[in-house]
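Look at the two complexes coming up: chain A is in both, with chain B in one and chain C in the other.
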Partner chain A sequence: MGMRRYIAKRVAHALVVIYIVATIVFFAVRAIPGDPARVLLGGDASAEAIAALREEMGLTEPLYVQYIRWMGRILQGDLGTSVFSDQSVLQMLIGVAEPTLSIAGLGMLIALLIAIPAGITSAVKQYQWEDYVATTVSFIGISMPGFWIGIVLLIIFADRLGWVPAFGYVSFRQGIIPWLKHIILPALAVGLPYGGILMRMTRSSMMEVLNEDYMRTARAKGLDGRLIVFKHGLQNALIPIVTVAGILLGVLLGGVVAVEIVFGIQGLGRLLIASIQRRDFPAIQGAVILISFVFVFMNLLVDVLYTSINPQIKYGGSE
Partner chain B sequence: MSSQPRPTQRAGPSVSTTVTEEPPLLAVDNLHTTFTTERGDVPAVDGVSFAINEGEVFGIVGESGSGKSVTALSLLGLADGATVTADRLCFRDEDLLAKDEAALREIRGNDISMIFQDPMSSLNPVMTVGEQIAEVVRHHGDVGESQSLFAELRRKYVTGTSESSASWQRAVELLDTVGIPDPADRANEYPHQLSGGMKQRVMIAQALAGDPDLIIADEPTTALDVTIEAQILNELLDLRDEFGVSIMLITHDLAVVRETCDRVAVMYAGEMMETADTRTLFEDPRHPYTRGLIDSIPRTDDDREWLDAIEGNVPDPTAKPQGCPFRTRCDAAFSLCEEPLVAYSAEEPGHRTWCHLYNDAVANDGDEVQRVDDAEAKQLIQEHEASDDLVTPQRPNFGGEYR
Partner chain C sequence: MSVSDLVESAFSGSSESGKTFGIRSDLLERFIKTIRRDLRAKIGFLVVALFGLSAIFAPMLAPYDPMSQQFPILMPPDPLSANPLGTDSFGRDLLSRLMYGARISLAVGLGAVTFGAVLGILIGLFAGYYGGYIDDLLMRAVDVMWAFPWLLIAIMLVAIFGQGFWNVMVAIGFAYIDDFARLARGEVLAIREEEYTMAAKSVGLEDYEIIFEEVFPNTVAPLIVQFTIFTARAILAESTLSFLGLGVKPTTPTWGALLGQGRGFITQAWWISIIPGIAIMVTVLGINLFGDALRDAFDVKETGQT
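Entry: the complex of A and B
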């Protein structure tokens, strides 16, 4: 199967997954106790007023009718309107997705840029000082939750040193430098735990590869050490890491939610939590769909990458 | 050819004989390779001596754990974590022990190349076989293509190896030489797309790519089935005839030795037992171990493992018995066998046996040993040893090659 067909098939597959997630969320939000009309009108609203609002929101209709209507709208690209702010959910999501994706993206970049070289160095210089430094740092990264790293960074770099602002978010449209200054600490906070795990994985994967017979062959050919590591070893070592990096993406996205709260950033995570508290059904559904969308497509990307670095796997085949 | 007469004697301080033979391609004298482990020092190779001449197929035969593979790796500084010493370890009169890592890299692949046992795991799974051969051609250095780290990584990860480059062309030629059909197409394939026999042919092509003088083939056919085995061995012999390359063939299989080798060394527990030309070894084996091995070569209608014929096990290398390592299994063992082994020469030139039965003070008519005079025999052993007592240079430890 060619790469095009493989990707087309995987996209179709991804859409099915998103559809299933959306359906589950639709019913799940309606299963949790509490209803949006009551939350919106406050505790002392009259029963008639609540009933009228429920009617207006379409919540009195049978569940399946609500579901079909909602599906119909989604297929037209309409995620509905927030019951809380009367804003279109799509508009709200676009507003909050940017800070969240900025933090997650930069966090991932930092993690990869630190973890892979550190892991390789660690494996090659096993039991020397480079290895001890790298494994200790990664251990610290793994053992501290992201929001805690965030608080520590906040105290040091924003509060004490004043190098970067402590709170809020500035869009990159207002300048790359201010944007970076606002997201660097949150990105480090989500990136370090992720990078710590990746570094450990890279180290063990590379160590395994260094013991492979084909590495001995490469040495017997008279190639020099760095060439052997980077030409003969690296790609083999990355094969298992790419898979793990994809799975760990979920961990990273989860970390962003807590970190947004620490840094007072209006992101997807905060929107989701606030919407759940308000029983803002359309907003919850929209946010979850967006998250599953990002997750599913990042994993698709990882799979394509995996297939392209491992010649033993054919597109779509599982040899 | 120049009309000048060849110098009859090579310059050198140690040439004292009047014999004007070519010096051997590889001379190994009293090689020791010792691994330091938590359980103590493991002498994997314990005083091995042999020489390989130009254009010769030299067999090293022994059970697994006899130190034959470690011997090969020691030659090229590839025995990780081991201390290698020898009285002499010379390739074309160059002292391999005196070379640093960079100088050894020039030897590896270029002058001495290796073929390993398992072609499935010895080829890199993420590189095309063409590139795996082409990189050796570039390393050999006569195609004028850059082999800097940057150039090699660009080839690997960005551009691929150009099919019109001289190194790739040469790789295709080599695939053709070792009998791979459609070599131009095959060069673009990955190892998993080839059969076991094809993969071993790729390994051979790769070993040839640097135009070496010596190919070390470590159990090259053990992982292959019998019909493929014969093809691969024939291929190696053909290449010897075509390119004049010497081959050091490491095997556990005496039948393979009989088919392919000019001369052979028998190893046991890291030590030499016997060395002779192949014909002499099979017709007139002197060492009890060699005799046991030859007796136990299975006939074609016999499925038994050939080693079953000799009772007992190889000694634990950390606790080797003093003296002859074979004495725990040897039927002929007698009092002198606790003394360290020395080489006893037979009449046939080049036939040497490390067994005290051949001490001059021992009356030995082949089957019956009569201890004539132990004291005299011990004296002879000591004299023998003293004559071999040269300075032993220490080889730097190259453990951890990737730094």
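Entry: the complex of A and C
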């Protein structure tokens, strides 16, 4: 199977997964106890008012009719209107996506910048003090809840030292420095545990590569040690690292939700939690679909990247 | 000694007894040896034992009732006072709350992984052993699960079924089913064609007998490692859910809930949110250390699933 056909097949597969995810979410959201009309109107609303609102929201129709209508709208790119704010769900998602993506993006960057050099050093200097320091720190990193790291950082750098603001978010359009100041602590909170896992992965995959025959040969031929590590070693070690980075995206996204709460940032995570409390079906559906969509396609990207870095892998073989 | 050597020696060793071709006894021996020899395992085991015991015996060991509001509020930690770890905003003793919190946090963590492991291993064993369309069907289902980040699954399940001890446990464990299914399936595929499986088949054993008595025991080593590492993850997950107010019950003291209650007092009383976090960190670190030592002892490859 050629590369192009392989990618087409994978994209089709990802779309099917997203379709099933959307369907599951549609029915799961309707299984959440609590009538959205009642929640919206408050405790002392009359039965007539609630019935009228239910009618208006389309909740009186049979479930399968609601499902077909909803699917039809989604295919046209319409995620519906929020029950709570009367805003289009798509608009709401675009509004909250920026802070979340900023934190996740910077967090991932921090993780990679720490993990890859630390992992390589650790593998090259195996069982020396550099290795012990790096593995110990990474171990501590993966053993802390990200939101707790956030609280500790907030107390030290925002509350005591006052270097950065403790709460809120400022868009990068209002200046890169204020933007960075608002997202640096949340990004560290999200990135450090993620970096710990990546560092361990880099170390073990680098160590494996260093023990391969061709690496020994290269060294025996008298090639400069450092050059070998970077040119041959890293190239091969990167393959599993990239895969794991993709797999762990879910961990990172999960971390962002709680970290947004700590820093009072109006992001995707906060929107999701608030929407569940308000029984805002369209908003919950939109948020979950968006997160799964990003997740599935990032993994697809990683998969395609993986196959193109390593031409030895046969296309289409299932795991 | 690698796993294949281990399998081989176990195969030749136990087939003499004619009862089982598995490697169970060897595994237990290795387990004990690891704790004896490996410093990481020792530290990890000690930490887990310490926190585990103080959780189990909290009613006897805790100095005060975790719910009683009998002290001045927001007292800072002072090792020599009546409240060595300070008090919270309601004047409750933090040390007592921490010890009771360990009960829920550890139980939910262990329970969640047990739930995910039992279902996942069953799915993986059957998918791997039978192959064909059963495998396809089960693995496609697992693929779909994989498209949801764990927190999303947990939040949705708690929203649907409500808060509470068992619900939170299942909500967290649900996300682990696919991880265990993948691992178990991979192991089964690797040993399905091995001699002892073939031997069992030729003797005319039933499928379920082969799966549970021959195939499963030989997948145990990597599964134990994964179980350990995932317990650490589940404890972190419980703390996240409780922090978000989606945990066992807002009023029940769990480590995550204690941490969440301290959030409003970060500037006046740092200890309310910092100390439970340290408890979480030390426990999770201990379990991770133990898991890492086991991984080396059982010669299981690191997959980055930590």
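One rule holds for everything that comes next: the second predicted complex is superposed on the first by the 304 of 319 C-alpha atoms of A that agree within 3 Å, B and C clash if a C-alpha of one lies under 4 Å from a C-alpha of the other, contacts with A are read in each partner's own complex, and residues count from 1 in each chain.
Following the convention adopted for this analysis, a contact is a pair of C-beta atoms (placed from the backbone, for glycine too) under 8 Å apart; a residue touches a chain by one contact, two chains touch by 3 or more.
What you are looking at is a predicted structure, and each value in this text was computed from that prediction instead of being measured.
Asker: Between chain B and chain C, positioned on chain A by superposition, is the outcome a clash or a fit?
Answerer: Superposition check on chain A shows chain B and chain C fit without a clash.
Asker: I'd like to know which partner A:221 touches here: chain B for first, chain C for second, both or neither.
Answerer: So A:221 only meets chain B here.
Asker: Does chain B (first) or chain C (second) touch A:72, or do both, or does neither?
Answerer: In the superposition, A:72 contacts neither chain B nor chain C.
Asker: With the two complexes overlaid on chain A, check the angle at chain A between chain B and chain C, Cα centres, nearest 10°.
Answerer: After superposition on chain A, the angle is 70 degrees.
Asker: So in the superposed three-chain picture, is A:240 touching just chain B, just chain C, both, or none of them (first/second/both/neither)?
Answerer: It touches chain C, and chain B stays clear.
Asker: Thinking of the overlay built on chain A, is A:264 touched by chain B (first), by chain C (second), by both, or by neither?
Answerer: Touch status of A:264: no partner.
Asker: Give one of first, second, both or neither to describe whether A:17 is in contact with chain B, with chain C, with both, or with none.
Answerer: second
Asker: Figure out whether A:213 sits in contact with chain B (first) or chain C (second), or with both, or with neither.
Answerer: In the superposed model, A:213 contacts chain B only, not chain C.
Asker: As a test of reading the superposition: which chain, chain B or chain C, is in touch with more residues of chain A?
Answerer: Between chain B and chain C, C touches the greater number of residues in chain A.
Asker: Applying the touch criterion given at the start, work out whether A:273 contacts chain B, chain C, both or neither, answering first, second, both or neither.
Answerer: Only chain C is touched by A:273; chain B is not.
Asker: Where does A:125 make contact in the superposed view: on chain B (first), on chain C (second), on both, or on neither?
Answerer: first
Asker: Once the two structures sit on chain A together, report how near the CA atoms of chain B get to those of chain C, whole Å.
Answerer: 14
Asker: Using the touch rule from the top, collect the residues of chain C that touch chain A in their complex.
Answerer: 139, 143-144, 147-152, 155-156, 159-160, 162, 182, 186, 232, 236, 239-240, 243-244, 246, 256, 259, 262-263, 266-267, 270, 273-274, 277, 280-282, 284-285, 288-289, 292, 301-306
Asker: Sort out for me which residues of chain A touch chain C in the complex.
Answerer: Touch residues, chain A against chain C: 17-18, 20-21, 24-25, 28-29, 31-33, 139-140, 142-145, 147-148, 151-152, 154-155, 159, 197-198, 200-201, 204, 240, 243-244, 247-251, 253-254, 257-258, 261-262, 272-273, 276, 288, 291-292, 295-296, 318-319.
Asker: Hey, which residues of chain A end up touching chain B in the complex?
Answerer: Residues 124-126, 210, 212-214, 216-232, 235-236, 239, 309-312 of chain A touch chain B in their complex.
Asker: Where on chain B does chain A make contact in their complex?
Answerer: Of all residues in chain B, those touching chain A are 76, 78, 102, 104-110, 113-114, 116, 118, 121-127, 135-136, 139, 149, 152-153, 156-157, 190, 192, 203, 206, 210, 400-403.
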